[in-house]
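Comments concern the structure below.
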Amino acid sequence: MAVMTAAIPATPLLEARALCFHRQDEPVFGPLDFRLDAGELTLIEGDNGSGKTTLMRILTGLLHAEEGELLWRGEPLHRDRCVGDIVFLGHQLGLKSELTPRENLRVAIGLHGHREHTDIDAVLAQVGLAGYGDEPVRRLSAGQKKRAALARLLLIPATLWLLDEPYANLDRTGIELVNRLLAEHIARGGAALVTSHGAVGFHGGEPQRIRMHA
Amino acid sequence: MAKWIPLWLHKLSSPPTFYAFAGKVRPWAIALALILGVIALYGALVLAPPDYQQGDDYRIIFIHVPSAWMSLFIYAVMGVSAFIALVWRIKLAEVVAMESAPIGAAFTFITLVTGSLWGERMWGTWWTWDARLTSELVLLFLYLGVIGLYHSFEDRRQGARAAAFLAIIGIINVPIVHFSVQWWNTLHQGSTVNLFGKSHIATDMLWPLLTMMVATKAYYVASLCGRVRTDLLALEGGKDWVRKIAAAEKSR
Amino acid sequence: MNHAPLAPACAALLRRDLTLAWRQRGDIALPVLYALIVSTLFPFALGPDLALLQRIAGGAVLVTVLLAMLLALDAMFRSDIEDGSLEQLMLSPQPLAPMLGMKILAHWLTTALPLIVIAPLLASLLHLPVAVMPVLLLALLLATPLISLLGAVLVALTAGSRRSGMLLALMLLPLCVPVVIFAAGALAAAQQGLPWIAPIAWLGAALALAVVLAPLACAAALRIALDS
C-alpha cells in the first residue's frame, strides 16, 4: 500500500510553467519550467545578467511576472498564501549595520516568528559567530555579515529558502557552512533554491540544476 | 447591453489597434479643433458685444474659461485612466494618463496666465489669492508632481504606475484644497472676486464660449492621439507591429 | 510553524527604529538645528518690530517646522531600501500597512516630536503671545503627524526612483496646503481672540482618516515603486 501512495505524485511545493519575464518588452528570461518538492534542492546556474536575481525576486512575490504560471502547493503563488513560508536572502542582507547580530536576529524573530528548538546563542555558534553577538554589524567583515544573515535562516520558520548567491564573500569554511546548513534543511523536509554563477559541490546527492541563459 | 462594447474596448486597448485607431482619429480631431477654434474666436472677438462694465477686457474669458474647464477635465481623464492602469494593469491606460499630464499642465498654465492678465485689468493686481486661482495653482503643482515623478524612474512603466498613484491621491486632494482655500479666504477677508457674478451671460457671449470648449476638447483629443502614438512606438519598440511600421517608413 | 503575532512584531519594529535613531542621535538634532536657524533669521530679515513679529510668529513657526520635517522625510525608507531590510519586511508574514505605520510612528517620534518640544522656544524668539502657545502646540501635535503620514506615502512612491529631494517637496506641497491653512487658521483665530476649535477639529478629523488610510496607501505605493 505504501508503494501505491508513493506512486501518486504529490503536488510539488513550487512549480513554474512557462514562466517568462520581460523588462520594457526586452525578454529577461524564459520560458522556464521547473518543479521543486519538499526535501529537494535546486541550483540555478547562469552567467551575470541571465536573470537569476530577477527570478528570485519573482519567486518571493516582490516582482510580478506577466507571462506563465507559478504555483505554490498547487495553487497560484500569491503573497497571502506563501507568506512566512518562504525566506529570501539576497545581495542585500537585510541587516541593520548599527545594530548587533543579536538585535538584528531578535527583530527577525519578531517579524517572522521563531523556529522551534532554536535559540539565538546556539545559532550564532552554529554559523561561527560565537562571541560576535554583541558587536555592531558594521564592525564585522563581509563574510561575517553573511554568516549573521545565514543565522536568520535557521531561526525563523520557513519551508522554502531562496538564496541568491549565498557563496559570495565566503571563505572555504563558509562555503562548507552553507552546504551543511542546506543539507540539514533538506533533511528536515525543507526545500531550497540556490543561485550561483560558479560550480558548487554538495554533500548528499546531486541537486537538480536549472540553467539560465542571457 | 450588447456584449460587443467591452469586447471592442478590450480590443482597442491593445497597442497596435489603438495606434491605428488614433492615427485615423487625429486628423479629424485637428480639423475639428481648428475650424471650431476659428469660429469661436470670430464669435468671441468680433460678434460678441463688449461688456457694459468691462468693455473689451472681458474677452479673455473666451480663452481663460475653456482652459480652466480643460485643466479639470484632463485631470479627471488622467485620474480615471490612472485608476484603470493600476487596477487592470493596462498599458494603454498608463500611456494615456502620462501623456495627458503635460497637456493638462499646459492648459492649467494658460488658465493662470490669462487669469492673471485679466486680474491686472479688472482689479489692478497680477495675482490675488482668490480660492479659484489658488486651487488652479495647486492643480499646476499636482500636474508637475505627476510629470516629475514619472520621469524620475529608470523604468518607464514603473514610473507610470507610481505617477498614476500620485494622480489618484491628487484627485482626492483637489476638492480638499478648494474647500480649505475657500475657508481660508473667508477667514482672512481677502478680495473675493466673482468671475461671473449673478448676472446672466448673454447668448451671443455664450455660444462662442461653448464652441471654444468643444474646440479645446478636440485639440486635447488630437494632441493626446499624437502623443500616445509616439509613446506606444517607444514602449513597444521590440514588438513585431512596430518593426513592420519602421520597415514601411524606411522603404518609403 | 508558529508565525509571529502582530503586536510583538509591531513592538519589535518600533523598538528597532527607535534604537537605530538613538544610536545616530546626531541626525535627530539636525532638523531641530535647522528650525532654530530659520527662526533666528526671521527677525533679521523683517526687523525687530515687536508687532510685526507677533503677527507672523504663528505662521512662521508652522512653516519652519514643516520645512524641517521635509528635510528628514526623505530618509524615512532610504536606509531600509539600501540594506535590504525593507525587502525582508515585505516578505515577513505580517501585514505591511501596520508595519509601515510603526515606521511612520518611529519617524514622527524621532523627527517631529523634538521639533514640537522646541516650538515654544522658536515661538518666543518671534514673540508669540504666551496665551496662544497651547494652541500652537495643539496645532503642531495634529499637523505634524499628518505631514508624516502624507509624506510617507509620497516617499514610498519615490522609493524606486532616482532620488530627488526637490521632487518630494513638489509632490508634498499640494497635500500640505490644507494642513497649513487649518493649522495657521487656528493660530490666527486664537491670536485675534476668536474661537479656534473648528480648524483644530478639522485637523483632528483629517488625522483620524490619515492614520487609517495613509499606511494602506503607503503599502500600496511601496509595492508599486519597488516592483522592478
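Each chain carries a letter (A, B and C) given by its place in the written order, and its residues are counted from 1.
We adopt the following convention: contacts are C-beta pairs under 8 Å (C-beta built on N, C-alpha and C of every residue); 3 or more make two chains touch, one makes a residue touch a chain.
Every value quoted in this text rests on a predicted model; they were computed, and no experiment measured them.
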item: Reference subunit A; chain at largest CA-centroid distance; value: B
item: Most central chain, judged by mean C-alpha position against the global CA mean; value: C
item: Whole-Å separation of chain centres (CA-atom averages), subunit A against subunit B; value: 49
item: Distance from subunit C to subunit B - Cα centre to Cα centre, in angstrom; value: 33
item: Subunit A and subunit C: spacing of chain centres that average the CA atoms, whole Å; value: 37
item: Residues of subunit C engaged with two or more neighbouring chains; value: 227-228
item: For subunit A, residues that touch 2 or more chains besides their own; value: none
item: Where subunit B touches two or more other chains, by residue; value: 155
item: Parts of subunit B lying in touch with subunit C, wherever the complex brings them together; value: 86, 138-139, 141-142, 144-145, 148-149, 152-155, 158-159, 161-162, 165-166, 169-170, 173, 176-177, 179-181, 183-184, 187-188
item: Contact footprint of subunit B on subunit C as seen in their complex; value: 153-154, 157-158, 160-162, 164, 167, 170-171, 173-175, 177-178, 181-182, 185, 188-189, 199, 217, 220-221, 224-225, 227-228
item: Subunit A - residues contacting subunit C, complex; value: 60-64, 83-88, 90-99, 103, 106-114, 116, 157
item: Residue ranges of subunit C touching subunit A (in the complex, touch as defined); value: 1-4, 8-9, 11-13, 15-16, 19-20, 23-24, 79, 82-85, 87-94, 99, 226-228
